[in-house]
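Look at the two complexes coming up: chain A is in both, with chain B in one and chain C in the other.
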Partner chain A sequence: MIEAAISGLLQVLSWPAFGFLLIGGGIGFVVGILPGLGGLTTLALMLPFAYAIQEPISAFCFLLGMHAITGTTGDITSILFGIPGEGTSAATIMDGYPMTKNGQAGRALGAALMSSLVAGLEGALILAISIPIMRPLVLFFGAPELFMLTILGITFLATLSSASLSKGILAGGIGLAVSAVGIENHTGTLRYTMGSIYLWEGLSLAPVVVGLFAIPEIVDLAVRGSSIAESRVEKISGVMEGVKDTFRHFWLTMRCGMIGVLVGAVPGVGGGVSQWMAYAHAVQSSKDQRRFGKGAVEGVLGPGAANNSKEGGNLIPTVAFGVPGTTGMAILLGAFLIVGLTPGPDMLTKHLDVTLAMVWILVISNVLAAGVAFLFLSQLVKLTFVRGNLLIPFLVVFVFLGAFAANNDFADIVVALVFGVLGYFMVLFGWPRAPFVLGLVLGRLAERYLGISLGAYGTDWLLQPTIVVMTVILLGTVSYSVYKRMRTGGQVVEGGVEPE
Partner chain B sequence: MKWANRILVLAAAVWLLQGVIPGAPESAQAQTKPYYEGKTILIIVGSGPGAGNDIRTRLWARHASRHIPGHPKLIVQNRSGGGGLRARNYLYNIAKPDGLTIAEIIRGTGLQHAIGDPAARFEADKFNWIGNLTTATAICVGRIDRVGKNLEEAVARSKKTQLRDAEAGATSTGAAIGKMVRKFTGLNTRQVVGYQGGAAIDLAIEKGEADMRCGFVWSSAKTRKRQWFARLGSKTPFVSVLVQVATKRHPELADIPTLIELAPDAEAKDVAEMLTFTYRNAYPMLAPPGTPAHVVKILRDAFWATVHDPQYLAEARKIGYLDDEPLKGEEVQQLIGKIVSAPEKSRKAMAGIVKEN
Partner chain C sequence: MKIRPQTVFGFLVFLFFGLVIWGAWGWPVKAKLYPLVIGIPMLAMAAFHLAMDLREGSGKKISSPASDDLPAAIPADIQFTKEIDPVIARRRTLDIFAWIFGFVLAAWLVGLSWTIPPFVFLYLKVKSGEGWPLSIALTGAVWLLYWGLFDQVLHLPLPEGKIHSWLGS
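Right after this comes the complex of A and B.
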């Protein structure tokens, strides 16, 4: 394995593979930073280059490098403007944007990028270590186990709930209800589609999240009439402070990175969920949960870490079984075939060097992305001191482009507007938005895996040893949280930007 | 300033009218230069980025311009939703029939029309069919340890232990095949649905969560799961092929019965044929109704030339299309005609099978 690892590294660093990594990375950097340039569409557009490149490692340098960097830089707009660069990078908004408003944009960006880098390396390392156990690991997680994992995710609703636990749980419940929109797979029934075919596939995450988080912030910015940053801290950037924060909270970063890998490795769960679970964990493990939603750096470190490490996790089922965990991986799967590789056992034996080269690509592209981003951060941070009135037209364009990129449909913009209004009123009346998004993301998954479990095993799966153990752990965690909350007299987590 | 404004308005009006009035200058130019010169063709794909038919259409689009007189630009745009329904409705009702908007929408257009799907706002046979990128032979496979070596053994074994048939959605074409096999042969199955695509279904079978699946496209099986099949040289085969969905037996599956052969009566045969024709027309390309005949001809000719282009074929083989059988536009038009004009009784039976849970 060591030989294969060295061979993989040398192949990535050789010419022209490294050149392709730089080109792919450059494209990924721009696409990630600009909302509206959909990372997935760009990846699909770039896929044909694999035909021309031919050589597997060069092709993965180009495509995987691009994909990994898109995720890293997607956090930048979340923090600076409250607009998620990608649908999956919304959790960074929760504390990243309040930090920007407090004049700490540099620190937030430094923390997001450094945690992204550290956890990205962790994800790559775990991917490398897990190679011998990849197949048994993925085969272990059947539908019942995946259902229990989604239930575990749903219990985080309480953690993300604000001053009023009931408001948080209700918001999560509404999120779960909204997740029911679309075709019900097990019976083919259309639910809440109101005669619109657009709604058949359910609501896309990007327009909902963009509307829910970005539009209220733009309205807020317009009303305030000031710059995004309300106060100017001594040092304009404070980027290094954010870097130091990553190491001050090193174990939190590592744990959130681990959440990213584990959730990312579950096919079909991946993307949207891992960041929110990591954010919830950051909140849950904090001694003073009241700081969250108002600019706690841990709230940036958690999702920042998971955002990148999940790529390592995503690669596990893709490489070992050809089952892509996310749409991005589905497109990369196309690249496997183009360069003459078939995902499966061969990738862990005959083509082990290619698999390990992918690990190196993740490592090197993460280092490059963070390095380049650090060069620009100080300039980007200055934007947050520009008068709001000048920024708003650009932000509005980005918001609607970001929403429209989901399905290329005018209805995407309508959805963003509807959820923008909902988000505005949620902020106004102190309803947390994070549980809503978690409910929306997990609802469909929970339903899917419950349906499959019942279809495949009836009710027998409830007595499977793994399920019994997971249920006990789940009940233990929930009971402990309730006990903790009761003891502290119901400490609050704002989980959203405070109303003015 | 007033004059300047008037000139601007006049210029805008002239520019706008140019597009609406079939003016003489345009026609005169058309005589001399190819229809598509300087134009852009938008190809709508009825699935998301990265889907099999999306990758395939993008491949076609990259090579097609060489074969279209005037060498237009080709742009691919994804418009997924409702298993292609959103793209079909858009193409039929909204897209301009000028040959500048065409589509590739995965199989099912004819079937949706034939079974009277209330959300289908189109008549499938009115579309102008340009061609079909590939035909698909679908198969039903089952784990050898659960179903045995062939269909007969599977039927016998299923009497003792019900088989779990994993499919994507309750109304998917794969699920419809499974239900037909159950009806035609007495194979005792229950469907487990909700999986996100074929790869997830394969994984469920490997995990032991399911025993069999249908709607597995043979060329895809050969690319992705060679190690599963003894007939592809595997020394430790994992599955047996039970049924194939094809108009005639695939040479590599000569011992496997087709769905049509299994049909017990004439009505069942009609229904099996509707589904078989649907699979045959796997990745079809189409233009809106009302597209001028000469434009349809240009597109059909370009389609046929592209799918025989050596560069295109070399790249198609690389992504696993080992035994392509593209169909000409005229042939697709006939297939669609056969599906939508099946006897009403058969169409109702088909609708019942699709909706049955």
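Right after this comes the complex of A and C.
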């Protein structure tokens, strides 16, 4: 493993991989700060570049480096303007924004950035430690277990990513069904190709994801019609005080980092939840809980730590089982397939260097992000005043160029447009997009595992002890979700929920 | 009974799974197994969802989740801005979709290379009312990025427009 770790590090630091890390990190940095442009949208927009990069470690340097940094810089706008730069940065507002109003913006930023760095490194370390522990477990799993895991992953994501259980599950089902488009390998049957040769190979992930995520965000940007950050921020000072706060409350930072890792490792729970849980822990573990919500630095340290460490946790099920914990990881899972890697046992044996390179990417990008943010904090804040109208034509052009880059086929542009319209209506009516993407990504794998299971065991595999346990977990998850909704709303709740 | 837009969407999802099953029915077993394994339970769930939606639309009150229910209360997806007047929001939505569809149509007719600069310029100058210098500068920046990245670095073979084919060039 040490050899693979050294090999992974050297590959990350080699050219052009490190160059891609810098480019991806730079994009993630700016995107994280801009409130109107989400990290997910950018990750989706940049996914087609994986086709062009092809080399796995370079592709992950670009995509994972970008993804890891958006969370760190997303906290900046949460603290300064009370508007989350990222959906997962919302909990930082609770005490970060009051600190700004109390004239302690610099201290809050210093605390958020340093706690993000410390916990980000903690997340990467836990990911590295977990690999030898996960390996025997993953190698024990055969096709039936892997099939059940794909279904479990989609169910987890479906039950937790929407106020409506049925919408979440149906969204996952649509993704699974869409993945069936194309030639069926065993019989050569053309499935749902509608006479189009373009569809023989199935739908490419990149144009679908680009359209699904970017177009609704462009529409929202156009509807808002202005920059989000409307109030000017005075000179930022006291950053070092915030850095010292991280070490004054070091164990709180580490505990909240651990919460981020653990929650991040549970498929479907997502980054937002880990931040709120860390915030709740910071409040509960404080002797004076009345300070929270009014500008307590612990209320910034907790979410700041969890926000970054969750990436390490998220990668554990994504790499080991192909079951991503968040939408970002679901998109990243697409990158695995684009560069020719299959998540699962191979990632812990044959491609262990790639897995460990991911750990290094997390470490290096976190250190770079924190360093650059500290150096250029005042200048970076000015980025938040860019008007949405100036961003829109850029985004439209790059959405369709990105989609086209997948196969160099105009049909990809049409696919991006169609799924953009679908994505718009999904967001409008509160249908979560993450289970859809996961269904699409895992659909082909699920079909392969199902085919192998039936071929090898007939229907007997359904009675294997591991499958029975997984089925019980699956049913338990759905039942608990239904029970929880009935308890909170009287019955299964339909419709979206208001953002916190 | 008033049919709500989300009910229509739910019906389309129901129809989608119906078509998934109907399309797969005549295929060999190996080809239809997966679509049917997915399609049949999903059709049942879509029907249940539709029934719930119709019931809600008929006036039966559905409560909101409790705010202290942390995981369920945090949306895992974006939500559209609600601060804008719905009439204005609808107009702006149609407006931006018209621009997006216009971009795709123009790209199909004259090719991406000939669409990108005029699109960016017109959006900035006409739609957003930006000044000439900013509109020209940003159009140049987008073109430069497009040319540098997609043409020079990635060597993306951008297709000619249909008009070029019709003119036989």
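Here, the second predicted complex is superposed on the first by the 275 of 500 C-alpha atoms of A that agree within 3 Å, B and C clash if a C-alpha of one lies under 4 Å from a C-alpha of the other, contacts with A are read in each partner's own complex, and residues count from 1 in each chain.
The criterion applied here is as follows: a residue touches a chain if its C-beta (ideal position, glycine included) is under 8 Å from a C-beta of that chain, and two chains touch if they have at least 3 such contacts.
What you are looking at is a predicted structure, and each value in this text was computed from that prediction instead of being measured.
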item	value
Larger contact residue set on chain A - chain B or chain C	C
Which superposed partner A:N389 touches (first chain B, second chain C, both, neither)	second
First, second, both or neither for A:I197, with chain B first and chain C second	first
Partner chain(s) touched by A:P216 [first = chain B, second = chain C, both, neither]	second
First, second, both or neither for A:H186, with chain B first and chain C second	both
Contacts of A:T327 with chain B and chain C, given as first, second, both or neither	both
Touched partner set for A:E298, first chain B, second chain C, both or neither	neither
Partner chain(s) touched by A:A405 [first = chain B, second = chain C, both, neither]	second
Partner chain in contact with A:L47 - chain B first, chain C second, else both or neither	first
Touching partner for A:R433 - first (chain B), second (chain C), both, neither	second
Doubly contacted residues of chain A, that is, touched by chain B and again by chain C	186-187, 327, 408, 451
Complex contact set, residues of chain B against chain A	48-51, 54-55, 58-59, 62, 77-82, 85-86, 89, 119, 164, 166, 168-171, 190-196, 199-200, 202-204, 206-207, 209-210, 223-224, 226-227, 315, 318-320, 355, 357
In the complex, chain A residues that touch chain B	40-41, 43-44, 47-48, 51, 138-139, 142-143, 183, 185-188, 197-198, 200-201, 267-268, 317, 321-324, 327, 330-331, 333-334, 337-340, 342-345, 407-409, 448-449, 451-452, 455-456
Contact footprint of chain C on chain A as seen in their complex	38, 52, 87, 90, 160-164, 166-167, 169-170, 173-174, 176-177, 180, 184, 186-187, 189, 191-192, 215-220, 222-225, 269-270, 272-273, 276-277, 280, 326-327, 387, 389-390, 392-394, 396-397, 400-401, 404-405, 408, 410, 413-414, 417, 420-421, 425, 427-434, 446-447, 450-451, 454, 484-485, 488-500
Footprint of chain A on chain C - complex, ascending	5-6, 9, 13, 16-17, 20, 23-24, 27-28, 30-31, 33-35, 37-39, 41-42, 45-46, 48-49, 52-53, 56, 62-66, 69-81, 84, 89, 92-93, 95-97, 99-101, 103-104, 107-108, 112, 116, 119-120, 123-124, 127-128, 130, 134, 138, 142, 146, 150, 154, 156-159
